[in-house]
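My structure is below; once you've seen it, I'll send some questions.
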């Protein structure tokens, strides 16, 4: 029985789908069926918190539909891990965020790590996440290469060059042995550069898409075989009784009337 | 020049407004004009993360409108501090959350503190906030009295009794000198109980509404006199250029088409 | 009913009083009466721990007298927050230290902060305070501009220039979004420079005197209205029984015989 | 291409192999070939640090041989994660410890976790590991059911009963939403109990063997496809030059002359 | 050449000197000359922060005189470590506090520790010190037996009984392997009880007087042989130039005019 | 009664013994008899974790024999503190590691410290130890001078020069007031340089051999006089019953058949 994974690009745009497919497909296990999808009717990027919030509202729906369609796991394909924790309240399949997965698996790649993200606005956000999710003291810092995601896609060679150069400088400055690429799209661009024969970075770079994929495959297997479940007595408690009714009504209202931000 | 503060009950319901007015009005400074408002067209309570997310979307609009209407500060009246950080991206007036304000001012009330919240689902959420916002090691723990907010309002005497009893037990168990009431409505019920001549809790109880009010008044003064501003080069960077256009469009879409969850 | 606040310059010298009045008065609320006072018979500055200790002994007396004279709150006007915690043992009015107040309110000014103090001897002292009082991980570091307080007052233009230049450098080095001026006098000099039309620092600077003032006003209000009290069962336990007699005797001995360090 | 994983029971005894095979085989992915092996000529259990050290010496050899035999990953099957970090110095295939894997994956099972181990001597050891490896503050404590591993295997029903009862009590005491079984053998006994139709624990129990298996499968895939590597410029630097010669000589000495502790 | 150590009981009372001599003398090295002294003209006990502050002022003088009299090291005999850090600003001989010494040496006595102090007011104070000085996470908590020091001396048998009973309970509650006696006088009473043939506590008890003594002897040796010095470029910078003159004048004023709190 | 201390150089080589004797003998107390010994039949250096592990196996035997020969304490003379915690399981005399001793005593030398070690592979290892053993936040960082130990011994003048130069730079970069020499041999070389009249480093350097010696002398005294013991109910539990038999057998096997890595 194969495992089906939905890699959701949480952007109201299809422009990143192909790149993810191209750079991540190679790493799928034999019996993995991975779809790469995106969101409709929401803002094209997640750079500001207001648009992130709107995107998350669409994402919840997409995650719930994924479960209904029989996916065994979903990946939310952005290093902000947008909506990941809230989504776990809503479904019983595993929901994976690439940042969290990278923090979890970084110890296999080196003694310590850091995050190199796209834009400086993301730095304090990721710093907070590193404090909350990071493995003990192994996350040494967060820095940015100062590109906005919508510009990157148009000058991939320049992005790859910056990644190689700035990873070395940042790892040295923070005393980290590896660097987590702090943006799924930068990571994919760097992966494409490697596939095209580019010289690998001196400092080992962790591609968060790969980490999310492997975590998703493993948890999907466990889900299929009865080894996955989530504690429902605390943080992830689901609505029951009249709360369940309210939730169903709210979801229905949203779906019958959702604002279209893509215009 | 008086200062105008909007205390927003982030619930799609008017049932809590009167209680807040009654228990908080007494503590306003002489030249403070405080309105107590609530949200429209959104879920009536915030107990689950999905409804919290919908409420926050309405809240952002309410905060932006407050600034346009000339308020000098807003308070988001729920201990989840829902949407507080995102809202700071959107406006130049101070946005105050009662949980954060309580952590900030608790040191004046005793050497250490803890949070006693309503329901067990909120405990891990507040625990995370205590780690992120708490003053060093002064926040010793989080516990719950296990009431849902919509039931409380109907049996206030029982809530006040539980507050007094469980505060003592919890403070003892966690080694805390004071207890922050981890729900604005519990805090108001307890305040009302005191106003009706009830016996004060043995362990000092911090009312987060008071903390938020005083923080709002102070920051509103500074805003009026040129002493308040927020760093816009990092986390709180505002959209500019085409990002500003996108933001304006998204806000307009939302307003012309917002789903009505209150039905 | 107006609130009366005593801003105590904890120095055995009147040379700083005028500067504080000039730069802080503008920010008082309408119904605030703020006096700026200093200590008698104690060393003129607090740069060494031995003189800090002597100054604190005088300060306790001044704080107790302030309560007796009907002040609603006191501010101890030095970033060392000298004697603040001990003073809380002695009186029932709020005692505010500008460093603690700055840590508490910094989150409204930016995502993270740091302290820029006067002299390198103060750096490790403030580092310890940042660890103890700082809000979680939001305090990123402490640095110095390397001036002694008694020299500053005589070359204010040079101090203001250094503040602007070194704040930018230090914020960048520590990855902080704002800078707390780590000396009440530097802060006042910088405020005067702004009032004289000086170009504001690129990196937002938090003036600790303003933070202390607003915290004092808020707590004074609460004190007047029954919303302020301090836990007396632990750290801030007051002497009772024969301990109270001993305390009264000790205070009397001090007052009738206090050494005059101002000679 | 299938992935080959060596699950090494780091004990000088074959008595646990069958139980691991029985309770873990079901969870292997379709294309996984998992062997369960044990060590020769070393102490039968790991309860004291002196025997742990001897076992680790044998383990290193076993890990190096696993790489030479073409395994794609190894799991060191004991919650002490014995020798895991040192082994990573020696080989280029991933080395997985079930404790580390459980800390890494626990966030998918609940908001917070704790470890329930076998014997009280292990508690402080695991506490230290939780501090070093645990994800931020999500690991709330460590406790023991007070059994030695060699007794457990003979009274499995009693062990399963204790696990169910003590997990609930410990999770409650430490405020944790899930419990990591702090011993691979206890975990296997509990899994067997579930397979025999036993009532599941009320508090979700994380089986570390499953976590290690999924982490091993994922990293083995990445290794096969060029997505796994380990930073060799710091902690995991390998001997080169005359250090490599010394290492080769030392390994040869060990193999031609190793003490047999199994007698 | 023998080493001379001044064990200063920082109390304005001679009643504790004999007990310290009796219970500590046995542990002195062969070439150690230890004097047990106390302070004059200051409050008899240190239970409140106001009296602690007055005692510290006398203590500084006593420490400076000790250096002038040729002592090689001083111990400040109270678990509050009163004035220890400030005293290091003043002299070049080592100044030892028994709490800090106990934290430093506790790792030799067991994997983790806790402090059991006299009175509940001391608990938060020691908690803060444990955070600042404690070795990583090895200090698990602080608790009190709820005796004031002046009562203890009159009912030593009851104190010893409470120590034995409450140490076991507290160590169990906090998960600590050893207990630091959080009061020099309790520690001495317990030591006397052991010398009189009392049954030792089940949980190992660390006597802070012994820790301070051995730290003092070691540092005194290093001082004599050129191996002790203290960094004077930062926290422990000494006054020079006109600051030195001010300091000398202040000290003289104090000595010629000091208030007598012992009346 | 004199105290006997075995300073074990945990290297399979005698080349460092003379240097330790020369630079440490001067600091022994009058009644201390210190032997400097090394290990047989094990690798000559400890630079890689595999050789460290083999060395530790020999070390345990050496520590047990030291106790049998009547030593009062042992020092394990390498900054990795190799085998120190395990050795405490095995013997009742104190086992001292110079890194731990330096962290414990650093507070007497300055407000904060850091470690400057030999080679970059050691940096992350020592970083972990600093986190586990360091006194609160007083250990600010770890850096390397990038020498391997076997090369140092042949160019001592160059090592001393590098120590002086790099200590200043590193202390400045990390904001530390003192520097712990992170290698016993570097420390001895620097001490020899001082003894030969070399100019002392500007930044105070802590010699870990001296710290270990004084800790050993103090604990040896306490051991002789009944003031030293180690908690045996948890981490340091010793084997009893059939575990004791197994241990005795394992030790015998090792001794009758140990591999000779020194060839």
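Before moving on, here are some points about what is shown:
Note that the chains are named A, B, C, D, E and F in the order they appear, and that numbering of residues resets to 1 at the start of each chain.
Quick note on the criterion: a residue touches a chain if its C-beta (ideal position, glycine included) is under 8 Å from a C-beta of that chain, and two chains touch if they have at least 3 such contacts.
The UniProt protein names, listed by chain, are A, B, C, D, E, F = Hydantoin racemase.
Since we're looking at a predicted model, the values are computed, not measured.
In summary, the chains found to touch both chain B (Hydantoin racemase) and chain C (Hydantoin racemase) are A, E.
Of all chains, A has its CA centroid at the greatest distance from the CA centroid of chain E (Hydantoin racemase).
By residue number, more than half of the contact pairs of C-F reappear in one of the listed pairs A-D, B-D or B-C, namely B-D. The greatest centre-to-centre gap from chain D (Hydantoin racemase), using C-alpha centroids, is found for C. The centroid of the Cα atoms in chain D (Hydantoin racemase) and the matching centroid in chain F (Hydantoin racemase) are 30 Å apart. Distance between chain centres (mean CA atoms), chain B (Hydantoin racemase) to chain E (Hydantoin racemase): 45 Å.
Shared interface positions of chain E (Hydantoin racemase), defined as residues touching 2 or more other chains, are 111-112, 123-124, 131-132, 136-137, 177, 233-235. Applying the touch definition to every pair of chains gives A-B, A-C, A-D, A-F, B-C, B-D, B-E, C-E, C-F, D-E, D-F, E-F. Contacts from chain B (Hydantoin racemase) toward chain A (Hydantoin racemase) in the complex involve residues 43-44, 47-54, 56-57, 60, 83, 85-86, 89-90, 120-121, 123-125, 128, 131-132, 233-235, 237-239, 243, 246-247, 249-251, 253-254, 256-261, 263.
For chain C (Hydantoin racemase) in complex with chain B (Hydantoin racemase), the residues that touch the partner chain are 1, 26-27, 29-31, 94, 96, 100, 103-105, 107-111, 131-137, 177-178, 203-204, 207, 210, 214-215, 217-219, 221-222, 225, 227-231, 233-236.
Partner chain A (Hydantoin racemase) is touched in their complex by these residues of chain C (Hydantoin racemase): 111-112, 136-137, 175, 177. Looking at the complex, you find that chain F (Hydantoin racemase) touches chain A (Hydantoin racemase) at residues 123-124, 127, 131, 141.
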